[in-house]
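Letters A, B and C mark the chains in the order given here, with residues in each chain numbered from 1 onward.
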Amino acid sequence: MSILQVQNISISFGGLKAVTSFNLSLTQGELVGLIGPNGAGKTTVFNMLTGVYRPTDGDVYFESNSGETKNLIGLRPYQITKIGMSRTFQNIRLFKDLTVLDNVRVAFHFNVKYNSWDGIFRTLRYYREEDEITVKALELLKIFHIDHKSNELAKNLPYGEQRKLEIVRALATNPKLLLLDEPAAGMNPQETKDLMGLIEFVRSKFHLTILLIEHDMHLVMGICERVVVLDYGLTIAEGTPAEISSNPKVIKAYLGEEVEVHA
Amino acid sequence: MGFVQEFLQQLVNGFSLGFIYALIALGYTMVYGIAKLINFAHGDILMVGAYGGFFVLIALLVTPGSFILSFVIAMLICALLGMFIERTCYKPLRSAPRINALITAIGVSFFLENVARVIKPIGPNPKEFPVFPQKFNLLELDFLGVHINQTQIIIFLVSVFLMFTLNYIVNNTKMGKAMRAVSFDRGAAYLMGINVNRVISFTFAIGSALAAAAGILFASAYPQVEPLMGFMPGIKAFVAAVLGGIGSIPGAMVGGLILGIAETLSKGFISSKLADAIVFGILIIILVVKPSGIFGQNVSEKV
Amino acid sequence: MIIMNKRVLTFFKIAGLILLGLLIGDALIYAGIIDEYTAQILTLAGINVIIALSLNLISGFTGQLALGHAGFMAIGAYATAYLVMHIHVPQHLWPVLVGISIIIGGIITAFFGMVIGFPTLRLKGDYLAIVTLAFAEIIRVLMINMEGITGGAAGLKGIPLYTEDINLGPVVSFTWIAVFMILIIFLIRNLIKSSPGRAIVAIREDEIAADSMGVNVFYYKMFSFTLSAFIAGIGGGLYSLFFGYLNPTMFNFMKSADFLVIVVLGGMGSIAGTVATGFILTYLQEFLRVLQDYRLVIYPLILIFIMLFKPTGLAGILEDIKTFISKKISAKAIRKTGEG
């Protein structure tokens, strides 16, 4: 059963085609990698799926939290997040001057069942809901071992933990589909290994479908069930990690970039 | 005077005001295009330029020679002032949140206005701007009952000359090419070896020099100078820049002309008191209908 | 239930303390221990704090620079003045009329806020700053020309004061304004510490990330800006009954800049900072001759220097001192345990 159907989306910036006729189909529960050399258009694909950019062509069908399938074209990012797709950012975009806990609680915002009126007048509902999301937020932080830093400002976390907080924040929106943009960037091999375990853990715990962009081939080949390769905005290959690592087109695209590919 | 004649007369007046707005708008739009900052102090640089010209003309009496000299000196002073402001106030804030740079810009604007009010030779009261004596009043045009006075002709000539010069600099010089590159993608320009700091400095210099010229033209049209004279033209030129598409040089020129004409026509045919409100209404309408302006492109933020 | 009781208890404790403070303030003014002039300055400071807080909401907490709060203040002031001058009620209902008029003044101002916020807040970039700047200017020009309602350039005279009783005047004005100020402080504080408030601050921190985390950015910018206009309008309404006279020149750009200075110096996004700076600056403005003469040169320098060297303002400086001291203390503690 597919939860995401991307059909021929394209986009160009100032006459330059950044992504051409991108297609992708994700099945419920899959973990798929999106790889390709720098500038291949991977993040642009994410931006189109999440509504940050509007594709010039094509359609994106997504089976939302409520079970109905919707075309996402023209929806704003917050609308797409609400129906069950969430993301992290390649160049970390945390709310730097908020605490770790508040970064996560912001993501609960649209699921909170009280309004500004309750907030201003401190109704019972306010206290009940605040207590509830605080507990939930701490639980999520605990999975990623950063719950003890919940009162620190996000900007004061080390880089690796900032990346983890991005994932926690995305999870707090209660997504069906999670898009991770280079989650392991800047991490050392041990941290990357831990992260791989965490990604697999949250996938099964929250029944997630995950699409991830990554340059670290250990991670991609280690946990992805399927890999899509993008080069100059075109999909040049798609298959299992084993198929991809022996695909001559892929090797050619990466030529000169010295990438070790281990199946 | 018939309606057609009056209309044409207002149109001429509108063009001359519009050229001044266009010169100011060029500075706004160039600085915005390259430093991504609304330079609130731009209107006040116009004021400094006008006073620069004022003192030159008071000292030397108004002759065609001293008039040209007043432009050169005022433009030079303002170019230096613009670069100085950028270096000291805006440059340290390039990576800070946008609102910080905006507040600084407001501070600079407010500072220039009020320093002008307290220092002796300027003072808070308006002063009459020196104009050409009768013997130099040589350029006048009467055409189909429409009168074009010497100041207006000077405004046309000076503006057109400066716009052509600017166009030449932007399109045909190495610095112009660097400016376009920085405006397109500062990071990439830097990696290509362009000295981004110098380009930004240069842009402020050019923009401020244009504001100085506009200041003298504005002061000779009214003819007076005062410390707050840059405030309203500054806002209106910003509207012009948005109308043309902020960041676009031809946009600023066209936007300035449209705005000048719209203002003069509303003053002449609707209500002089409401003219400013109408200009403001234009801004609101553009922002609703086409926020990218006439020549602007929709630029999306890099994510 | 135990937790609830604790919360209720805290509420009553805080409410009691505030009420006590207010009563002490009233008593001191009534007894003449705080003289009438000082009482007036305190009252004026309260109004400045209210409007500065409203500016802090949109600029400090939401991150959208607004430069026309004097314009909003003017709308609230004239609207309230119009209502109290044209509606006649029996003596004992007068305070009710005052309260309702001030609130309606705020609502009318909020409407104007919505009208200018709608086209500008949808857009990325800094349009709000220049649009609010221009808006305040236009409002001022319109007020000069709408002589029927505003009295034009000559000003609007004969606005009734909070009370006609000269002896009670300072106490009554102070109380009205202090009550509104306290309510508004709590309104903003509670809002910011709730989920909608976090959404608002998230917008300031990173608009795209907030959007991607499910925050309807435009909605919350509009919400914050409209509420900000509402509060500024209330400040204006309070001002008109305090002064009894309005003139369009009171609401020029310099006035908007005064509020900006209070917010920036106190620390953007700090309620306590705005309150403290509001009182300090209003007081200094009245008493320091230097500040009276050169205020307009010194204030912009404050804006520039704060932004260049300490963008978090006084609140940030206090925070630094606190961290510094606590570090010293913990270092001492470590040394002690080391010795022991």
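One rule holds in what follows: a contact is a pair of C-beta atoms (placed from the backbone, for glycine too) under 8 Å apart; a residue touches a chain by one contact, two chains touch by 3 or more.
None of the values given here were measured: they were computed from a predicted structure.
**Student:** Suppose you hop from chain B to any chain it touches, then on again the same way; how many hops at least until you reach chain C?
**Tutor:** The distance in steps between these two chains is 1.
**Student:** Would you identify the chain whose C-alpha centroid lies closest to the centroid of all protein C-alpha atoms displayed?
**Tutor:** Ranked by how close its C-alpha centre lies to the overall one, first comes C.
**Student:** Nearest whole angstrom, what separates the Cα centre of chain B from the Cα centre of chain C?
**Tutor:** Distance between chain centres: 35 Å.
**Student:** Quick one: chain A and chain B, Cα centre-to-centre, how many Å?
**Tutor:** For chain A versus chain B, the centre distance works out to 46 Å.
**Student:** Return the distance between the CA-based centres of chain A and chain C, expressed in whole Å.
**Tutor:** 41
**Student:** Pull out every residue in chain C that's touching 2 or more other chains.
**Tutor:** As it turns out, chain C has residues touching two or more other chains at 208.
**Student:** Residues of chain A that touch two or more other chains: which are they?
**Tutor:** If we look for residues of chain A contacting two or more partner chains, we find 52, 89.
**Student:** Could you pull out the residues of chain B that touch at least 2 other chains?
**Tutor:** Residues 303 of chain B touch two or more partner chains.
**Student:** Under the stated contact criterion, what part of chain C meets chain A in this complex?
**Tutor:** For this pair, the touching residues of chain C are 3-4, 7, 11, 186-187, 190-191, 193-199, 201-202, 205-206, 208-217, 223.
**Student:** State the interface residues of chain B toward chain C in the complex, per the touch definition above.
**Tutor:** Result: residues 38, 40, 89, 92-93, 96-104, 106-111, 113-115, 117-118, 231-232, 235, 238-239, 242, 273, 276-277, 280, 283-284, 287-288, 291, 301, 303 of chain B touch chain C.
**Student:** So in the complex, the part of chain C that touches chain B is made up of which residues?
**Tutor:** 59, 63-65, 67, 116, 119-120, 122-124, 126-127, 129-131, 133-135, 137-138, 141-142, 145, 208, 253, 257, 260, 264, 268, 294, 296-297, 299-304, 307-308, 311
**Student:** Which of the residues in chain A come into contact with chain C in the complex?
**Tutor:** Touching chain C: residues 50, 52, 76-78, 81-82, 86-87, 89, 93-98, 102, 105-110, 112, 114-116, 118-122, 124, 126-127, 129-130, 133, 169-170, 172-173 of chain A.
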